[in-house]
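Here come two complexes built around chain A, the first alongside chain B, the second alongside chain C.
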Partner chain A sequence: MLILHADCIGKEYRKEGHKDLVFSSFSVDVHMGETVGLVGPSGCGKSTCARVLAGLEKPSRGRVLYRGKDIHTLTRAEWSQFRREVQVIFQDPVGSFNPTQTIGQSMTAVLKHVHVPGDEHENELAHVFHHVGLQMEILSRYPDQISGGQAQRAAIARGMIMQPRVMILDEPTSALDVSVQAQILHLLTYVQKEHKIAYVFISHDIDVVEYMSHTIVKMQEISCKMKK
Partner chain B sequence: MMPGNPIVHLIGEDIMVTPELVEELTATLGLDKPLHEQFLIFIQNLAAGDLGYSYHLHAPVAELILERLPWTLLLVGTALLIGYSIGVLAGAYAGWQTKQKGAKALTFIGFIISCTPPYLLGLVLFSVFVYHLGWFPFKGLYTTPDLASIMWHMTLPIATLSLFIFARNLLIMRGSVLTEKHQLYPQFARSLGASKGFVLHRHVMKNAILPIITQFAIDFGFILSGALFIEIIFSLNAMGSLMYTAILNHDYPILSGLFLVIAVMAIGANILADVLYGIIDPRIWREMQ
Partner chain C sequence: MAGNEKKQQDNGPISHMLEVENLSVTFKGKNGDIPALRGIDLHLGHNECLAIVGESGCGKSVIAQAIMRLLPEEAVLSGRVRYNTRDLFSETNDTMNHIRGKEIAMVFQSPERALNPVYKIGRQLVEPMVMHGICSRSDAHIRAKKMLTELGFKDVDELMHFYPWMCSGGMCQRILFSAACLLQPKIIIADEPTKGLDADRISDIEHMLNMASTEYTGVLLITHDLKLAQRVAHRIMIMYAGVIVESGDVSQVFSNPLHPYTQGLIRSMPEHGFHPISGMSPALSDLPSGCVFHPRCKHAAQDCQSEIPKWKERKEVDGNAHSHMVRCLC
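Right after this comes the complex of A and B.
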């Protein structure tokens, strides 16, 4: 089932009177429970494309459709559902947590955001932490007090609290050691199988993308799909 | 070490006195003792709350400073409160909404004011609002000792210093918010569907305000010296005017007393900044533990 569709999207920024084109005419289909790999050299616009797909930026041209609807014409309720069901995991897991809040405070903020009652927070966190292989003791630590691998697991756990249907993974393993990379990739595969989540997996590492993806799209050959 | 001979300044350069009298005066004031002994006496007197005696104004220094200190604190305290609160909020807006015309205008105004020394800003405001428009009084702390009169006299000096503090904080906060808003944690908060305003107030501002606190500690001396100049321009009988007169008269006891009070206030500002830093950023306490 098609869940997310980019229809010839492009992004450009206006700088001092002229237009700076980041990428253009990019199309992709993301199906439920599948992984679409997005590869390309540094600077080709992969991360900008991820932000456009996640609705964090508007495309300069084209449309992003979620469950068949243009995400920038959604009603407030539909937008709220989109924001809940499409989560982003960033390259720098430590930087994606507020440095002045403990991991527990960051997690609780998300639980409150999805209206989980306060007395259920601990159970919910225990459940999701067990899933991603984290100890509850890290809840009292600050982001700079945990390792990159723990932070990325915590970021995945935080994304899972939202019960997403799509996860946009922007270079989720590139800041990690090789051994930790493998653990995170296995975790992502496990989470996908358990919850039928679709992934848009962005990386400059073609081997990692080939390992993870059902479909691969190369950014320099935009609009061109390559089946494995 | 302050330049000049205090005895010569005390009796006046045009008055001829015998060397015996100079020696006698030097001995009476304890200036013939070795420097370390003089310093020890100064510390002992200081411990007893004695900052010395002004022979020019014929009054104890502590009494002279205590009379004027509340007025300087009123000027600096009120200006700090206004300048910091408006500067931080305006800077957060200018950094968060960089493309809006209002933000660009605020940044431009901030640049112009922060590049203007406080005494020049004071002279410009004095010329416009006192000399040409006649909205505010020419000099003094009050005409009649009541709140309305004090407010009328203090509005323009406070506005001058507030503008200066506002402009400096606007630029620092703008830069800090610009840096923070490109971090990943506000982007994550946005990806949850939180509004821009919520992300700014709940996440970005707390982190962006840290350089403001650091700057407060560094800036305090600069702000205080600015306040002293403003007091002179608006003829406020506070610490600035006292220092100005003391410099002209080479009144060393007053100057050393004033420098001590200013140093204590600057140290106090630094301690306050450290405490605030610890409250806002829990990582600081953690490192200390």
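Right after this comes the complex of A and C.
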């Protein structure tokens, strides 16, 4: 089932009076429970594309459709459902947490956001942490007191609390060591199987993308698409 | 494989420019001591590239900082670092200032942070050459531009007037490498030179590392990138939780890894199917007894929990000149 669809999207920024084109005519279909890999050299617009797909930026042309509806014409209620169901995991796992809050505080903020009652927070966190292979002791630590692998697991756990249907993973293992990378890739595969989440997996590492993806889209100066 | 094709120049009898003997570093902290390095031995010869490979936080960069005497005061060092005939731990600060850069240069990780953001690139390349008395300022300008051109930069004149923040991570890394090479040091220590770079930029850095080890000097490459080490280095040391666990020629270690941790790292690589090592690296403040790897090791026996493994040498059947060493009880 098609869940997220980019229809000939393009993005440009206005810079000193002229337009700076980041990418153009990019189309992609993301199906429930499947992974679309997005590869390309640095500067080709992969991360910008991820931000457009996640609704963090508006495309300059084309449309992004979520469950068949243009995300920039959604009602307020539909928009907040979209923002809950489409989660983004960033490259720098430590930097994606608030440095002034403990991991526990960052997690609790998300639980409150989805209206989980206070007395259920611990159970809910224990459940999600067990899922991603984290010890509860890290809840009292600050982001810079845990390893990159632990932070990326925590970021995935935080995303999962929202019970997403799509996860946009922007270079999720680039900052990690080779054995931790393997652990995170296995975790992501397991989470996808369990919850039928669709992934948009962005990486400059073709080996990682080939391992993870059902479909691969190569981004170059002119977007082109290939089936695995 | 490239590793087998790499050749060192023949300098007759083996002479080591750099020798580290039984180096240990402990950081004194409020909550107790943190043993960052324990009993590190290594040596580096002329035109040789030695890679130290291990996961983040295992203490790789501490080795580099200990050699350069850049560790903070709370670090307690023991052991010896010998550069040619000098004992670096007993040299004065003035002598060390002369050795740093001119004799042993270091390319730090995070190039954007290693370059001064308020000085132009040209100044940062020229200044060290003038300071170390290598040549005049005008000559230094010519040398800097020549080096940048060799490294594939196009508008060199314009680049000399750029600030670091106007350059990408890959450009900054190449500029930092140029700054090190321009001083014509005998040893270059490259600390995670490819971190965060994409494939094209990694091949630029590889080219520079090869150039450095064949044309100039010995290279101590510190990296978590196994593939880079395999392509560039002659010898490799695998490090885990502050200890070297395996050491040998690159081709030996990759074709016949002896330590279960090395085997695990190789199995984690893409071409071997991303099989992870179970568990996590221990915190240096809370190391397991006996063999540091035993809680994650599939082959761990009773002895591994209490006995610290000593070096064992494995003779290779093909009669390779370098020995293949492992610290494992199995």
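The rule is short, and it goes like this: the second predicted complex is superposed on the first by the 225 of 228 C-alpha atoms of A that agree within 3 Å, B and C clash if a C-alpha of one lies under 4 Å from a C-alpha of the other, contacts with A are read in each partner's own complex, and residues count from 1 in each chain.
Here is the rule we use: contacts are C-beta pairs under 8 Å (C-beta built on N, C-alpha and C of every residue); 3 or more make two chains touch, one makes a residue touch a chain.
The model shown is predicted, which means the values in this text are computed figures rather than measured ones.
Contact with chain C, but none with chain B, is seen for A:Ser147 once the two complexes are overlaid on the shared chain.
Contacts of A:Cys8 after superposition: neither chain B nor chain C is touched.
When the shared chain is aligned, no partner comes close enough to touch A:Val116: not chain B, not chain C. Residue contacts after overlaying the shared chain place A:Leu65 against neither chain B nor chain C. In the overlay built on the shared chain, the residue A:Leu74 is in contact with neither chain B nor chain C.
Judged by the touch definition given at the top, the superposed model places A:Pro41 against chain C, while chain B stays out of reach.
Once the two complexes are laid over each other on the shared chain, residue contacts for A:Gln181 go to chain C alone; chain B is not touched. Applying the stated touch rule to the two superposed structures, the chain B and chain C interfaces on chain A have no residue in common.
For chain A in complex with chain C, the residues that touch the partner chain are 41-43, 147-150, 174-175, 177-183, 185-186, 204-208, 211. Residues 183-185, 187-194, 203, 206-207, 280-283, 286 of chain B are the ones touching chain A in the complex.
Of all residues in chain A, those touching chain B in their complex are 51, 54-56, 79-80, 83-84, 87-88, 90, 92, 95-100, 110, 113, 142, 144, 162.
Per the touch definition, chain C reaches chain A in the complex via residues 55-57, 168, 170, 196, 198-201, 224-226, 264-265, 268-271, 274-277, 280-281.
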